[in-house]
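Below you'll find the structures, each written out as structure tokens.
Same chain, two partners: chain A is paired with chain B first, then with chain C.
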Partner chain A sequence: MGLTFSLLLVAALILAVFLGVEALGLSFLFAIVIPYLAIATFIIGFILRVVKWGKTPVPFRIPTTCGQQKSLPWIKQNKIDNPFSTAGVVARMALEVLFFRSLFRNTKAELVDGERLTYQWEKWLWLGGLIFHWSMLIVVTRHLRIFLDPVPGFVRIIEKFDGFFTVDLQNVYITGILLLAAVTFLFIRRVVIPQVRYISFAADYFPLLLIGSIAASGILMKYFFRVDLVAIKELTVGLFSFSPVVPQGVSALFYIHLFLVCVLISYIPFSKIMHMGGIFLSPTRNMANNSRAVRHINPWNYPVKVHTYEEYENEFRDKMRAVGLPLEKDGSEKEAAAAKE
Partner chain B sequence: MSKLPKPNEMLRINYMPPKTGWQETPVDFRPGTFLYSGRPESLETVGLPNPRQWSPEDEDWKLPENWKEIILEGLRERLDKFRSLRIFMDTCVRCGACADKCHFYLGSGDPKNMPVLRAELLRSVYRKDFTTAGKIFGKFAGARELTVDVLKEWFYYFFQCTECRRCSVFCPYGLDTAEITMIARELLNLVGLNIDWVVTPVANCYMKGNHLGIQPHGLVDSFEMLCDDIYDITGIQLDISFNRKGAEVLYVPPSGDVFADPGTHGLMGQLMLLHETGLDYTLSTYNSEGGNFGLFTSHEMMKRLNAKIYAEAKRLGVKWILGGECGHMWRVIHQYMDTMNGPADFLEVPKSPITGTVFEHAKSTKMIHITEFTADLIKHNKIKLDPSRNDNYIVTFHDSCNPSRAMGLLEEPRYILKNVCNNFYEMPEDTIREKTFCCGSGAGLGADENMEMRLRGGFPRANAVKYVHEKHGVNMLACICAIDRASLPPLMHYWVPGVSVCGVHELVGNALVMKGEKKRESTLRFEPIGTEEDE
Partner chain C sequence: MYNSRNIIIGLIIFAGIFTFPFILNAVTASGAPEPSLDTPEINALSAKECILDTDYMTSNHMELLADWKIAVVRDGNRIFVTDDGREFEMSLQNTCLECHSNKADFCDACHNYAKVEPNCWDCHVGPEVLK
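Entry: the complex of A and B
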């Protein structure tokens, strides 16, 4: 159901922009109004969400430790997977964010012969995820060429390496192809593996289909149905200098690409794609395991009702005295007095 | 207690998800898989809401009229108090990496035991009431209404999670189901939904200082019995003290070990070691163990039970605190105690008077783990050990969930084991250290009525033991957790007959050559040393 819904939704979005531009002539809407709205939604929504997270306190120090703690000096500590210092945390987070350290641990459990549990090599999800995210980053960076004039040097360098391969004398950007391949892998995996399909709903299929469609439309524009890049740059630079003009002679394919990007970025603050911000704030990963050495402060720590030693001794004084336990108050005289009365 | 299936029947596990979606699949309170409700007297003792007689199998759970309001308000409050909860609600991408990392999923095949779906049980309700997308798109955004059926599902599955944190190791964002379960249980407690195996120990611990409810004189008797046993074995009379002011160290023993084998043997080992070192320590009857079932109830209850440790240390005027081999206790001590009940500025940084080692890593909390203490002694050659006394044992080590994944206490116990026994083998790499498997009975799930689910949850652990049992002839599973010592013996009995369970310090006690001891003829289990033990 989630799958069908997502497919229909993406198809409807594509149809909407196609009809909007081709039949209704709503170029102004799709070229200028919607991009502005999308960017505003993205920036405001993203900031609000991160601020909401950031403002929520971290009452306890709860890192998930994945290696030896720092204790006795002759025991070798795992400084990255069980960091004691900020430097260790930075290293742990860098490995997590840049190389998906935790996902790299992944294994596949299988019950062999109905009695033996085995844990097998399973790095495909890690590999697919890593290719997907890195390709996405490079593709987005490459797109800075369309927004910035002059084109920054690092963008040119990235383009040079990315376009190392040529087909029919034309540079082929490998990351574009990898992005489409990886997103296809992630989608197929989600549909084909029964357990993963079982946990998935529309919000899982929709972004994959959306990103897949964006990548596909981008590839079509680059290699098969060339678009007028000068006109497009005129639009983007205009958008960023707040003097936008609707470009002339730009194909519907471009509008589809642009509109889907707008949908994607405005969808981010309301969706699981926020994990790109969340990972930095995850308390099980971004905290040092030094809670016995440095007291962590809980801003809302409040006094609680406890059963005091005094109450305890009052209840058990006689029994304690009978087995010779030391007492704070030996109530025997008082009791004797009470008995007299 | 329901009849247990045989191991081969138990292993007919169907990992294929059912035809119906998880939101449309109602929870089935099948005997053997769920826990009984908390008895009202226990709830009253600690002032928990809605004490009453009820059973999970009943149609009517006798909830307060405004239960839904209470839960949603409780959730709102916690979303504002715990960044962890907010992040964990918002960032899951359902990649599925956690799915086959949960021992309950591996042992049952129930998709709602995949950590991702366990979290979705709460997350779906969060979306419905606290997110824009959920409010607008409802079901398509994975949102659902909080109903009594949803609440029943929560009760079933959040008391079918042992808060072991294994999934959190594998999650690319570190999402921690233990945290989600802890908070979900807090919410359940707001309307009086708890299990007796948690709330009655909590009430006991609150009033009497230990989870079994042993009163001070009973406690003194129990320890004296252990001392008698030690005398019979070693010829040495231990002089232990309780509630003694002016001692240098307060020793907080593991939970419940004084009560039953093999915990008793491990505790004897710890007492023998402390005697041999001449450490000036005392025990407390007010705070007679460090276990903390408050951790399985709510953060507040955890704090209320934990408060006794510092309070007693202060009253007795000790310098620092030593804690025994106990799993969940150490989660609380390591990650919560100082924050909740500190600062412990009335104590000194722990320093071993025997070796002179200053335990800098515990300079704020001022409490160290007994394996840290013992490893340091061995390293400095301060105790004499004869590992051949453990030659009957072929040992492997079970990392307990909390010391491994909420602390990183991995090498200390291994170092001790390698010094006190001659035959030590590790289980497969994917099942030890931070990847260790839970015994299946942690976080308050060690009751009898859910034995089938405990055995299922413990299956991955048992299976790894079986591997070394068959490959190396391992016959002794050492651990540093009181719940392990209570729950692993039946688990071994069911899945890997021929493997016994012990605390690390039981083997220390066997190997420890004490000054003035008589010739040891038996182990702490009164089994002969050096000859084949009876199976």
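Entry: the complex of A and C
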């Protein structure tokens, strides 16, 4: 259901932009209006989403721990997996963000002979995810060549390494191919493994199909159906310098690529792709496990109106004394002592 | 907002990363280049057209040159015949640069703008060297 819906949605988006540009001549809409709307939605939506998360109180330290907590001096603490200090949290977060450490722990549970439960080494998800995300980062960074005028030097250095392999006189960017391969793997994994398919919804398939289509359209433009790069750069630099132009000679394939990117970035604040910001706000990741050493006060504690026993006794002392109840502060004792003297 | 200091710093970094193309381009961006066709050979032509359609050449000249290289080096075929029967020698230096003798104002205009470093001149001799 979710799969069919996502496939149809991506196909409809591609068809919409193709018809819009080719049949209706809406180049202005797809080249200028939609990209600006998408960028604004992305940045404002992202900020609002993070602010909304920031307003949510986190009452307790709830780090997930995978190692020995800081304890007695002769018990060795696992400083990264069970961080006690901010430095430990930063180290753990950096390893998580850069190398997906928690995904590396992934195992596959399986029943052997229908009765014996076994846990198996399963690193393919980690590997696919790592390749996908790093390729994505490098591909996006490489695109600065088309966004910026003049092009910064580091972009050229990345391109040189990325395009190390030459096929038929032209540099083939390895990350572009790895990106498409990895996103295809992640998609097939969702469809083929029954347990994963069972927990997958349209919100899981759609981003994968969208990114896959973006990568595929990019590769088609780069190696198979050449586009006029200078015209495209004129368009993008125009967008990024607030003097938008719609140059002639930009092919429909580019508009498909651009529109799908616009859909993707405007979809980010409303979707699971927000994990790029959310990872930093995960309470189980960004907190030190120091609840035994530091007192953490529940942030939503409000001042409670209390009636202490002292106040209660002051209020009812006479009545309590009259029925012979024991009193902590008996005003009559003083009187009695004064009478004796 | 809780932990507002960290969240605001994070958001500023986020906004900085994703808006810096705007800021940078607002300062430095120049217009798209106009490759110059002002050479004596082109001016002498009655109809100013390349060996193939201009739109095709703009997007696909690198593919054409790569095909030429294979035809010449592997097959020994030096004659390129267009669809309408005109014949050209498959040669960067003798055919392309014959008309486009202004590499700096023609080739390099777009290549610098798009930061492309074609590997033509690793082997071929550019016109500025020939002179």
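The rule is simple: the second predicted complex is superposed on the first by the 301 of 341 C-alpha atoms of A that agree within 3 Å, B and C clash if a C-alpha of one lies under 4 Å from a C-alpha of the other, contacts with A are read in each partner's own complex, and residues count from 1 in each chain.
To be clear about the criterion, a residue touches a chain if its C-beta (ideal position, glycine included) is under 8 Å from a C-beta of that chain, and two chains touch if they have at least 3 such contacts.
Bear in mind the structure is a predicted one, so any value in this text is a computation, not a measurement.
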- Task: Pick one for A:Gly278: touches chain B only (first), chain C only (second), both, or neither.
- Result: first
- Task: Look at the residues of chain A and decide whether chain B or chain C touches more of them.
- Result: B
- First, second, both or neither for A:Lys233, with chain B first and chain C second: second
- Could you look at A:Phe242 and tell me whether it touches chain B, chain C, both or neither (first, second, both, neither)? second
- Which partner does A:Phe154 reach: the first (chain B), the second (chain C), both, or neither? neither
- Is A:Glu96 contacted by the first partner chain B, the second partner chain C, both or neither? first
- Message: On the A-aligned overlay, A:Phe201 touches which partner chain: chain B = first, chain C = second, or both, or neither?
- Response: first
- Could you say whether A:Tyr36 touches chain B, chain C, both of them, or neither, answering first, second, both or neither? neither
- Message: According to the stated criteria, A:Arg49 is in contact with first (chain B), second (chain C), both, or neither; which is it?
- Response: first
- Message: Quick check for you: in the superposed arrangement, does A:Pro57 touch first (chain B), second (chain C), both or neither?
- Response: both
- Message: Per the definitions at the top, what is the overlap between the chain A residues touching chain B and those touching chain C?
- Response: 56-58, 281
- Message: Which residues of chain A touch chain C once you look at their complex with the stated criterion?
- Response: 42-43, 46-47, 50-51, 54-58, 144-151, 155-156, 166, 168-170, 226-231, 233-234, 237, 240-243, 247, 249, 277, 280-281, 299
- Give every residue of chain C touching chain A within the complex, in rising order. 1-4, 7, 10-11, 14-15, 18-19, 21-22, 24-26, 28-33, 55, 58-60, 62-63, 65-66, 69-70, 110, 113-117, 119
- Message: For the complex, give me every residue of chain A touching chain B.
- Response: 1-2, 5, 49, 52-53, 56-72, 74-76, 78, 81-82, 84, 96, 100, 102-103, 105-109, 111, 114-117, 119, 125, 129, 193-204, 270-272, 274-275, 278-279, 281-285, 289-298, 300-301, 304-309, 312-313, 315-316, 319-320, 322-323, 325-326
- Item | Partner chain A, residues of chain B touching it in the complex | 8, 11-13, 15-17, 21-22, 47, 79-84, 86-87, 90-97, 99-101, 106, 111, 114, 116-117, 120, 131-133, 137, 140-142, 165, 168-176, 179, 206-209, 215-217, 220-221, 242-245, 285-286, 299-300, 303-304, 307-308, 311-312, 315, 333-336, 338-340, 342-343, 357, 359-365, 367, 372, 375-376, 379, 404-412, 415, 428, 430-431, 433-435, 459-460, 463-464, 467
